[in-house]
Amino acid sequence: MARIVDDDQRMFMTGNEVLAWAALAAGAEIMYGYPITPQNEIMHYWTRLAPRFERGFLQTEDELSAGFTTLGGVMAGKRAFSATSGPGDILMQEPICMAEMMRIPAVWIIQQRGAPSTATVIYGQQETRLACFGGNGEGHRVVYSTSSHQELFDYLIKAFNTAWSYRFPTILLGDGYQGKMREAVTLYNPEDHGVKLVPTEPFVGRPGVPGVDRAPAHYRNTFNIEEEIYEIVHAREEEFEALTPQIVEFESGYLDEAEMILIGHGIVSRAIKEAVKLLQNKGVKVGYFRPVTLRPFPVEELRKAVEKVPAVMVFESALGQLLSMVKEAVGGLPVKIEAFLRPGVGICTDEAAEQVQEYLRKSSMVH
Amino acid sequence: MGEVFLGEYGAGKSEVSAGRAILLAGRGLPVTVADLDLTDPVFRISQAAEKLAAYGVKVIGWPERYPPGMGEAGNVLFPGLLGIGWLSGEIIIDVGYGTESHRLLNLIPGLAALNPLFYFVINCRQPLTATVPGIIEAARRVPGIHGFVNNTHLGKDTDLDLIKSGAEKIEEASAATGIPYIATASFKPLAAEMEQTDYKWHEIWPLYGLVHGSFPIK
Amino acid sequence: MENKTSGSATSESKTGFTTRTVVTPNEAMPKVWRRETKPHRFCPGCGHPIILKALAQAVEELDIQGRTVFGCDIGCSLLAWDFFNLDSIQTHHGRTTPVIAGLKRARPDLIGVAYMGDGGGYAIGSQHLLNAAMRNDRVTVILCNNTVYAMTGGQMAPTTLPTQKTETTPYGRDPAMTGEPTLGPELMAAIGRKGAYAARGTVANYRQLVKFTKKALENQLADRGFSFLEVLSTCPTNWRTTPRQTWDFVEDDMTRVYKVGEFLKPEDEK
């Protein structure tokens, strides 16, 4: 695979461009896609760069097709991916379900937007639940929620490796803000940073005549009776749980002696980290916890972080999607759960800090 | 007179347009900015309209918070732009990115009357314009460029050495293409520092970060 | 933002640019057009309003304003969601045909019009279009062909002409890689059942466009079969063309690939 840059390059660019370059760096061989804002520029830059780096592209008739053609590309043994948003994300769930059940290592980029409108293309975190549990399955997929351009680059490379290492479909969950905003990022060749690209292999079309030189490849996602699926879903769950310690990622800070822990994912986690620093400077003892992987969710890590804390506050640009995951994770612990929920709307550092101070002021008045 | 700002996606066309408008308005000229960015509902110069008004600069484009295309995308042309060819004073046209985006100027009748100069904004910290051949290739995609504007930066990590490294590449691309290097743009504090150096920055255009903070977050 | 202005008003817009809005009852404006939502929200030079004007005129001449339901899609067609004095439904991308088909099954007395772009009809909603045609659903589909995905910023559409540059064909459309342009009315004529209607009009021939639109509605009124009308339209914003270049593109370049006329009439033997 050709090197994308001579050596590490510090650049200033939009998130969608970063993702196109990250896919090149990750050795992605083909993209399948359909126009939808706010991910269009991933396709625009991929189509501009693909001939130069000898990569492929197919614009399909819709996202269902983009999702399933991606599965075809992966089963042919290629590092294939797709990118979508909003209503397109909904259509992608059927191919993602097939990938979950058949362990097809496809990679999706999802740039969330305000929902459930057919427009509102700017920003949201309302596809959190869909990214994690969309479809009629049990959420056997890996979801990375990024918060900066550097993470878009790093985690897209990681997403391909995770997918091909563990054979679970892998999603990079961003949003329109991350796609469109500009910031500094270091582009690099993975091998220069000790990141080895996990080799791919074809599911079908291997050398030899099936039934003569080798056993034929027979793949299916069809089962006769529910008892059969019961066994398989349990087996999937066991495998997924066994892999969780290897895959799960989180970030936390200032947990010691915290009166409250702020929880958020994706770009919102940037605001809460800054809010925590702001409050710490004022002498307010607060900490933060950010799940980087939403699937698998860092349950043990979160429980450990909040076991001695009186309260947590969940921040998200949705109406309780992360909140329900947090509630489930910390179930049984004597921690009070507060939330600041803003569907489709961003959260700034100062308003996060204000919410926390307001809560602490009220709760100290009660005591 | 008209000045048209073109360049790669995220090269800083809107920010440079805003800085240029303020510079010209500061010389006592009547300045109007036309928002011909048809890419996004966000990061548009018309979102900085109120801030620019404080400098006496008018903006023609979709009013702030009025999402063109009902929020589906930014891609609906504001009808008022059709009249800019007949305006007097200095007209600055901020063109969005896209395949052959310079051809968007075809949408503006009477543009020729403005005798517009076409400026190509370059940030050498973008992958496609990070090298001299890259700059030359990007410039070749747009016929009729009258000048390069150096907007090399890394956001808050920018320093004079970084801008200078961009300036050197643009000098070289300028020599190879015959397209003059017109100006160097940078945020105001650095622009002030630039003036203290003996390096030839060409004209210095201060920037104010007006578009930078315009994301409709609340 | 709703434009509720009537009469004459001068307003200081937020841009600091003074605009004078004059909305006068115009005899040329069909009654079915909703004056309160004019001026419309399409780009200057867009073909959509011409198609919508022809539709309004046809609805008026057939006197079916009271029973017509207008459905529009995602893409620029959505800008027509409050365009008419007609009950209207803006649906999801590609899904206008099944919404209107479902409505028609439930209320056969209504006249259902599904309005969409080439992406909505020939790409994401193509299976609905094919199956509505094969079921001979008594609905009227009007599809605006402007060769691009306009609202998302000018990507390749199924109707993009060979060598045409778009955001996802930055080096020009290569039919070897992406196929030839979709020929919708020809396809509908091939699969259409007896009683169906399939035609292609153009915004460059308004009288003919009204005639085709009326026939597409009359066919539904007569309960004969599925009606499909593609209309060649203009998109100077994404074509990045001057007015003259725009007309040249629709009248020369497009009609070289897309023949204007009727491809299937209800009375044809099938």
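Per-chain residue numbering starts at 1, and chain names A, B and C are given in the order in which the chains are listed.
Definition applied: contacts are C-beta pairs under 8 Å (C-beta built on N, C-alpha and C of every residue); 3 or more make two chains touch, one makes a residue touch a chain.
Since the structure is predicted, the reported quantities are computational estimates derived from the model, not experimental observations.
Listed by label, the chains touching chain B and chain C alike are A.
When chain centres are taken as C-alpha averages, the shortest distance to the whole-protein C-alpha average belongs to A. The interface with the greater count of contacting C-beta pairs, when A-B is set against A-C, is A-B. Chain A and chain C, compared by their mean Cα positions, are separated by 38 Å. Annotation for chain C: residues touching 2 or more other chains are 74, 78, 152-153, 167, 170.
For chain A, the set of residues that touch two or more other chains comprises 37, 44, 118-119.
Shared interface positions of chain B, defined as residues touching 2 or more other chains, are 69-70, 72-73, 98-99.
Interface residues of chain C facing chain B in the complex, by the touch rule stated above, are 1, 13-17, 19, 39, 41-45, 74-76, 78-79, 150-154, 165-167, 170, 236-238, 240-243, 245.
By the touch criterion given at the top, residues 9-10, 40-43, 69-73, 98-99, 123, 125-127, 130, 153-155, 157, 215-218 of chain B touch chain A in their complex. Against chain A, in their complex, chain C makes its touches with residues 74, 78, 90-94, 119, 122-124, 126, 149, 152-153, 155-156, 158, 167-171, 178. The touching residues of chain B, when paired with chain C in their complex, are 38-39, 46, 49-50, 53, 58-61, 63-66, 69-70, 72-77, 79-80, 82, 98-101, 103-104, 106-107, 109. By the touch criterion given at the top, residues 33-37, 40, 43-44, 47-48, 51, 57-63, 87, 118-119 of chain A touch chain C in their complex.
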